[in-house]
Amino acid sequence: MGMEQAWVLPAIPAALFVLIALFNGLMPRRGDFLAILGMATVVGLVGLILLDFTGAFSAGEFMPDDSNVFAFDWINIGQDFFIIEFSTYVDAITMVMLPVVTIVALMVMVYSTEYMRGEPRYGWYFAVLSLFVAAMLTLVLSGNLIQLYLAWEGVGLASYLLIGFYWERQSAAEAAKKAFITTRIGDVGLLIGIILLWRATGTFDIQSIIAAATSGQIDGTYLTVAMLFLFGGAVGKSAQFPLHVWLPDAMEGPTPVSALIHAATMVVAGVYLVARFSPVYAEVLVARDVILYVGLFTAFMAATQGLVSNDVKRVLAYSTVSQLGFMFVALGVGAVGAAMFHLFTHAFFKALLFLGSGSVIHATHNQEVEGLGGLRKKMPITTATFIVGSLALAGIPIFAGFFSKDEILHALISDGPAWAYVMLAGTAILTAIYTTRLVLLTFFGEPKDHHAYDHAHESGPAMAGPLVILAVLATIAGFFVFDQVGEALGLAGGIGALVYLDHPHHFTSIDWAFAGGATASALAGIIIGWAYWHGDARRAVAARTWAPDLHAFLVNRWYMDHMYQAIIDRVILGLAGVVAWFDKRVVNETGVDGGAQTVGYFGYRLKFLQTGKIPNYALGMAVGIVALTLVAISG
Amino acid sequence: MFDRLPLPSQFDRTIVAGGTVAVLVAAPVLVVLLALLFADEISAPEFVFFVAAAVIMAGALGAVLMPNVVHAALSLVATLLGVAGIYLLLLSEFIALVQVLVYGGGVVILLLFALMLTNAADDPVVSDGTQKPFALIVAAIMGSLFVAVMLDAQWGNPSATVVPFSEFGARIFRDFSVPVIVVAILLDIALTGAFVNARRAEETTDQVEEAAA
Amino acid sequence: MTDVLGNTLNLQYELLLPEIILAITAVLVLTADAFKRELNIGYRTLPLLSLLGLAGAGVASIALLDTQGDFARLIQVDDFTAFFRLLFIGTAAVLIIGSHEYIERHVNHVGEFFALLLLSTIGAIYMAAARDLLTAYLAVEVLSFSLYVAVSLAKDDARSGEASLKYVLLGGVASAMLLYGLSMLYGVAGSTQYADISEALAAGTSDVTLPLLLGLVLIVSGLGFKAAAVPFHNYAPDAYEGAPLPVTMYLSATSKAATFALFLRWFAGPLLPAVDDWAWMLAAIAVATMVLGNLVALQQHNIKRLLAYSSISQVGYMLMAVTALAPATGVDTSGALLVHLGGYLVTNLVVFTGVIHFYNQTGKEEITDLRGLSQTNPYLALTLTAGLFSLAGMPLLAGFFTKFILFQAVASADYLWLVVVGVIASTVSLYYYLQVIKQMYLYEPLVPGRWRMSATGYLVTGVLFATMVVIGIWGAPLYEVADAAASALFVA
Amino acid sequence: MIPIENFLVLSALLFAIGFYGVLARRSAILILMSVELMLAAVAINFIAFATYLDADAFSGLVFALFVITVAAAEVGLALGIVLRLYRERRTANVDEANRLKW
Amino acid sequence: MTETDGYVLLALMLVPLGTALLLMVVPSRERSTIIGLTAISSLAMFVLSLYAFATYSFQDGTQFQGVLAFTWMENVGLLGENGIQLKVGLDGISASLVLLTGIVIVPGTWVSWKVRERTKDFFILLYILTAGVFGVFVLIDLFFWFLAYEVALLPMYHLIVVWGSTRKEYGGMKLMMMLMAGSIFIFTAIFALYAHVGLGTFDMEVLLAAEKDENFQKVFFPLVAIGCGVLGAMFPFHSWSPDGHASAPTAVSMLHAGVLMKVGAFGVLRLGFQMMPEGGQFWGPALVVLGITAALYGAISAMRQTDMKLLMGFSSVSHMGYVFVGLGVFNSIGWTGAVLQMTAHGLMTALFFLLIGGMYDQSHNREIPAFSGMAKQMPIWTIFFVFAALASLGLPGLSGFVAEVHIFIGAFRAYPIIGGLAVLTAAITATYLLRGISQAFFGEMNPRWNALKEITVMERAGATVLAGAILMLGLWPAPWIDRIGPSIIEIANL
């Protein structure tokens, strides 16, 4: 099993999707075990490919030849400048994505067997999960932009279907629609970017495009525009400002889905895309700055929103948006490695957090912090793992988040503007604060809703297991930064070594002083949070009274959804109304019917020439003759 | 039906009226023409022509202008006779004869009868149509156009030839045999038409006969 | 035998056989009618007798198909004549078979009616056959006279007399105009023989240009009246509405066809040299006719009147072809016109026979009375629909093919703009045909319950329908015949 | 020798006058009379042309002859119809014979 | 594809026509006979079209294959050698459209078995229409081409006014009159072409090969574009489409939106661009502008529609707008995209109308706001509907994307701005479709519709057929592209 067989990875879940979607009714347990087994296989295969890759890598070849072999024409109308081929392409970035996707997916599926038990459309759920995995794997493996776009929309579709899983709830349906359309707007940019790149290079093959772009074949501004459009796609998928609004609403979906799609994998597709094209972005610094500022702003904004949200999952969603912002900041300064690293770690601990919250929700059927509290006694495992995840998120040393976030800040201070660093560091503190808040309000203090509290119970093994595993991963994932760790595992080196191939920036250790600062700030955040929210529950709502306007501003998500809603209602639908009116009145009634009526009216007038009186008729004839004669003689 | 045709009073009044009009119109014209004739300004045929033309015009105008239908009919007679005169002038006496016989003898009487049968006797005055002014304009334009056309053209040199009376019949039935047949059919049709229309509708007659039977 | 000018006159009377047969039959019919009590014969005898005569005439004209020649320089017997002989005889036969019930019930003086029918057929044929102005003129009058009379024959219908009066008075004016035009032509050409006239015109008429133009104007107007072309059409709708339905049919079929036969004889024959002088007149009239006919038809509610206006607009299309009679493409254009005439005749007969039988059943003639016909008599509804669609030029039916041929001929004669007008007009026409069809298919019948036509009705409509479809999908034979007939026009 | 124009002008005027009659009159019979005027004009034309311009001055004459005949026949036919209408409507006024319209 | 395969093309027309004739003699009460007959013949059509599609394979230099000609009339009047002949032939473009027709007619027939009154007449007209459509695609003699074109329109009126719904009189009349008005232009253009070439023949191959003056092309291309554009619902001649579709019965909407509108676009390509390339080049930009306007315009006004069929009508306008963009950009990619889009949109919209009809027959209501949570009541229906919607909004892996990506790329190749707008339109499409879906299918079930049942078996079967085709084209377009692409390039090179 080498890289050339990489196409098998998506093939398996795709097949399972068809199988389960059509026949889940006939299967025991609606075929969930099939999905899980398939997923497990995929994980194994990924391991094999990883070894194959790193083996070849350690053998000194920077880019193994067989990484891009599998390819066939999908569309070929017979003109060489327009051929769309499907191909798999495996390189370091792919190698980071593959384990993340597959492992988290596996965890989530196992988790779901308990979480989703008894749901209607249980089989359908697993089918769509498989579909998602297939699409995601295609996305990360695709060596061709059209193929990438196909997979890109595929994951979008899966996300749409899963967010709308509880379609009986209008809110869920709306959220699904919102998610799809918002990302779709980003995809418009993506597709335009793709076609613009094709227009300049005449190919859709990613590596050829990168080669062409880096060799300066393409005019600078043109390339900038194209890459910005491309980034538009990333903005949509990865919920960056201004298209971030869909992700919080996406929490309408089942929690495991949020863990897989809206935390670990799909939303990082944007990061993957930009990372994939990082050499090109290195050419167009304007675009890269745009990325930096977008990421920065998003990170900060989302963090502030996370501070006040009372919905466990939404807090996590905001934090996801914020963390994605971190990644884009890294990309914005060209620190691809840091970005991918953070993606890697974030996947694990954010998935962990979501699953944890899922466990809570499962136990209490409540996801408002106002109804929670004191659960640590009832749900020890969940609490423990959740805290681990939170620490990772907050960036406390030895936990994964610490290393990756540290990388980002480091890269930023070294290559970015100072104020940006300050802002991001502040955001990091905010992160620690809202994380603490969440943990406190959920697991500590007194239970606020005793009824829910009484029925709460620890989740069973199917859910607890993944939590533990992910907790472990969330703890150790950070160590992959060290080459030693990597080598110890038989890899060619740490994650940095993998990703920074084309950069000299190899690091074997981290700048402890700098790290200390980061740690300190994180701790400060935790302390602030503790100081404010520990103890009784009433504090939870205190913020509202402390700074009502600010609070309202934050709770209403900086009023951005309102703004968008207003735009949609006033501008777009208004325009649509105008157009519809134009079509009805002007085109149809005036143009078509009007024309017909005019003709009819002439007929109506003319028919009165038929007076029925002989002399009139004769006069008509006479006039005819006279007229003809006049013309004849004059002519 | 003769009792419905009010002779003589109506009739001689008509004659008197017609006569006076004719004299009043014709006298000055006649005088002028005679003067010209004796001054050898115009030849005898031309004299005749102008006389006839005057009669024709007068009659025609009378026929279309006179409010009294009977007068109109009678002035039509004048026109038609004048036309016959023109025919004579054109050396085709046979046609002239036919004209006099058919029109003077047949058509006009027919018209008069019809007039009487349609109550013209009781109120002989029929006002003209509302579109009279338009009619006048259009007809005037038409006439002037036609006249202009006639005067504009360069007609070929006159080769006045005469068809001897004797040949007429022979040639008609030789050279124009088909038209003769066709016109026969035509007359038949006209007869039928006049008959079916003038006669009252079929059933009634049948009923009458059945009643008689 | 020769005439004064030494032209030999051949008097083969067999050339006139069909007409002679018709005339004799007419006389027989009249006699039979006159003495029907004495001979105690029923109504049926008259149509049968007339049919017999028509059959005889038909046989005779078929026998004469390949005898060419002229009769005393007055009647030209050639393919053209033969074409119209068969066309007219056929039409008359169809009329009799298709509407004898109607005639029995709704027509006065049936004997005279049949006689007139036969005699007018002679007139129509001679309009197509004459080769001398006088003969042609008399033929015109024969046809017109019989129509004047026939229009007035509707039983218990106050409209009939009025219609007839309008027709006869305006007809008189029209024939006066025509005659004046002819006299001008005679004056310009110095002869009434087509051949001499064309020679004279070809020789050049520079010194009598205006009289010629005036003559052309008046001839066009006179014939325009007979064909019911705008602005000489006003009598037509009234006459159509007032007349008994079979007569309406005859007006819109034979009378029009004969008029166009005459058009072709004259404008493709003696008058062809002066084409530049008259083409524009006809074009103008054609456009006016198409536009006005179609527009006013949109507003009609009486079937007869609707069909009157629709046939007026049809005249417009045919005049297009006459307009396009350029010497170069003359044969093709006239051939196309003949094709269209044939198709139009068949279609028209279908529609009218259908309407006649509808009237026989219901005694109604408003468009709205047709409502629900598709349920009370689906066959008739289908027939009428097909006929109307064919009139509108819809495919698989005669109308499409003939119109296509007509238009392509006109287009090839560089009158594309005329074609455009024509196509637009025929599209407008589709609207009012659809209005009728809508009544039949969309609404519930006023009087539910199925009814059947008479056997002859089914026979005639069936045969005509079949012909219509055959022409529509296999028009080649018709086109070839028409082409032969047309080329006969140009041999002289 | 009288120039042919004279006759032609005469007939033209006659024709126009006749047409005026047709246009202006209201009694069917008077209209008929006007038509007769027009036909007379035609006949004059034919004979004039025949006499002056036709090598064999005959067809024109015959034409005129038949025109006269047809005119007479037409009068007969038309009068029949007029009488019928009069019987039905008690009027020979064409303006009142306008039930058929539009 | 050999000479003998020409008879298959002939059969494509004759089968429906023959079925119509056969039905005429079948007594109308014998429903089973009618159903059996139509089942067989629709299947036959499908098989034949599939065979034609499969056997067609491009060969250099020859555009048409399976050419088969019967002289209809020649050397008479103005007609010269081969004046008018019944001539059939297939190229890659028509092959794919023939297949489309074959696919659509099958479910069209199935769902029409629900028609209760005058079933027989319905099928007679439907099959005459189908014969016309097949004719347009396979006939390569202008006379018969136009004849088939009109035959395809002819039955429309009856089908709508007799079996239609809401405002059928208006809708039917408007549709008929506008389409006929459109054919005025075609008629004129055909005659002009015929007279201009002056070879006395309507044979398309001859006319294609013949030299045509550039000015002539510039003058008469617009006529074709407008004439066929009306049938293709090109802005601003589209207004028959929403009303017509809204009032037409299900199968008719399917065939009309699915196939007949494509006839229009096909006409623009065949008669316009192929016959008068220079004219096409000259007017291409105008067509592009109209197309993109239609695309945006249709999409935006669809946002405001509440009647499902009206929504689909405007959506069709929008999608056909893509087709015209693809045609107008005047490059092989765009043209390929246009043809693909014809197929794709045909399948997709047919599926839509099938589903809407299946629901309307029960509820007699098409107002989206009147519905809610229908997914509970009619899950299968919902799944198919969402599927169709995804295809319609150009989700990759479904037919829409394959076609649209060609069009986008072709557009970008010529006019990037237009291309951008086109891509944007796809997003708008997603908006109005998903809005409607989430409103009608999801959320609380509206108790008013408790009585509604799942769509019938035949409808499910039909929907499955169409959905399968959509998926096939979306995932593996090669069979289509291998036929369309080369033919297009062949044309482009001419």
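Order of writing sets the chain letters: A, B, C, D and E. Residues in each chain are counted from 1.
Assume a residue touches a chain if its C-beta (ideal position, glycine included) is under 8 Å from a C-beta of that chain, and two chains touch if they have at least 3 such contacts.
What you are looking at is a predicted structure, and each value in this text was computed from that prediction instead of being measured.
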Between chain C and chain E, which partner chains are common? A
Top of the farthest list for chain A, CA-centroid basis, is B
When you take the mean of every protein CA atom shown, which chain's own CA mean is nearest to it? E
Using the stated contact rule, I'd like to know whether B-D or C-D comes out ahead in C-beta pair count. B-D
Outermost chain relative to chain E, judged by CA means, is B
What is the distance, in whole Å, between the centres of chain A and chain B, each centre taken as the mean of its C-alpha atoms? 104
Per the C-alpha means, the centres of chain D and chain E lie apart by a whole-Å value of 64
Report, in whole Å, the distance between the mean C-alpha point of chain A and the mean C-alpha point of chain C. 79
Can you give the whole-Å distance between the Cα centres of chain A and chain D? 97
Residues in chain B with touches to at least two other chains are numbered 129, 131, 134-135, 138-139, 142, 145-146, 148-150, 155-156, 171, 175-176, 179, 183, 186, 189-190, 193, 195-197
In chain C, residues with contacts to at least two other chains: 4, 132, 134, 138, 141, 145, 148-149, 152, 161, 164-166, 169, 173, 177, 187, 190, 210, 213-214, 237-238, 299, 431
Touching at least 2 other chains, the residues of chain E are 177
So the touching chain pairs work out to A-B, A-C, A-D, A-E, B-C, B-D, C-D, C-E
Which bits of chain B are touching chain D when the two form their complex? 43, 45-46, 49, 53, 56-57, 60-61, 63-64, 69, 72-73, 76, 79-80, 83, 86-87, 89-92, 94-95, 98-99, 102-103, 106-107, 110-111, 114-115, 117-120, 126-132, 134-136, 138-140, 142-143, 146-147, 149-151, 155-156, 158-163, 171-172, 175-176, 179, 183, 186-187, 189-191, 193-198, 200
Please give the residue numbers of chain C that touch chain E in the complex, ascending. 329, 331-332, 335-336, 339, 389, 394-396, 400, 404-405, 407-409, 411-412, 414, 416, 419-420, 423-424, 427, 430-431, 434, 437-438, 441-442, 474-476, 479-480, 483
In the complex, chain D touches chain B at residues 1-10, 12-21, 23-27, 29-30, 32-34, 36-37, 40, 43-44, 47-48, 50-59, 61-62, 64-66, 68-77, 79-84, 86-87, 91-93, 95
Inside the complex, what are the residues of chain A that reach chain E? 73-79, 82, 84, 146, 149-154, 157, 164, 167-170, 172-174, 176-177, 180-181, 184-185, 187-188, 191-192, 195-196, 198-199, 572-573, 575-577, 579-580, 583, 587-588, 591-593, 596
Touching residues of chain C toward chain D in the complex: what are they? 4-5, 132-134, 137-138, 141, 145, 148-149, 152, 158-159, 161-166, 168-169, 172-173, 175-177, 179-180, 182-184, 186-187, 190-193, 237-238, 241-242, 299
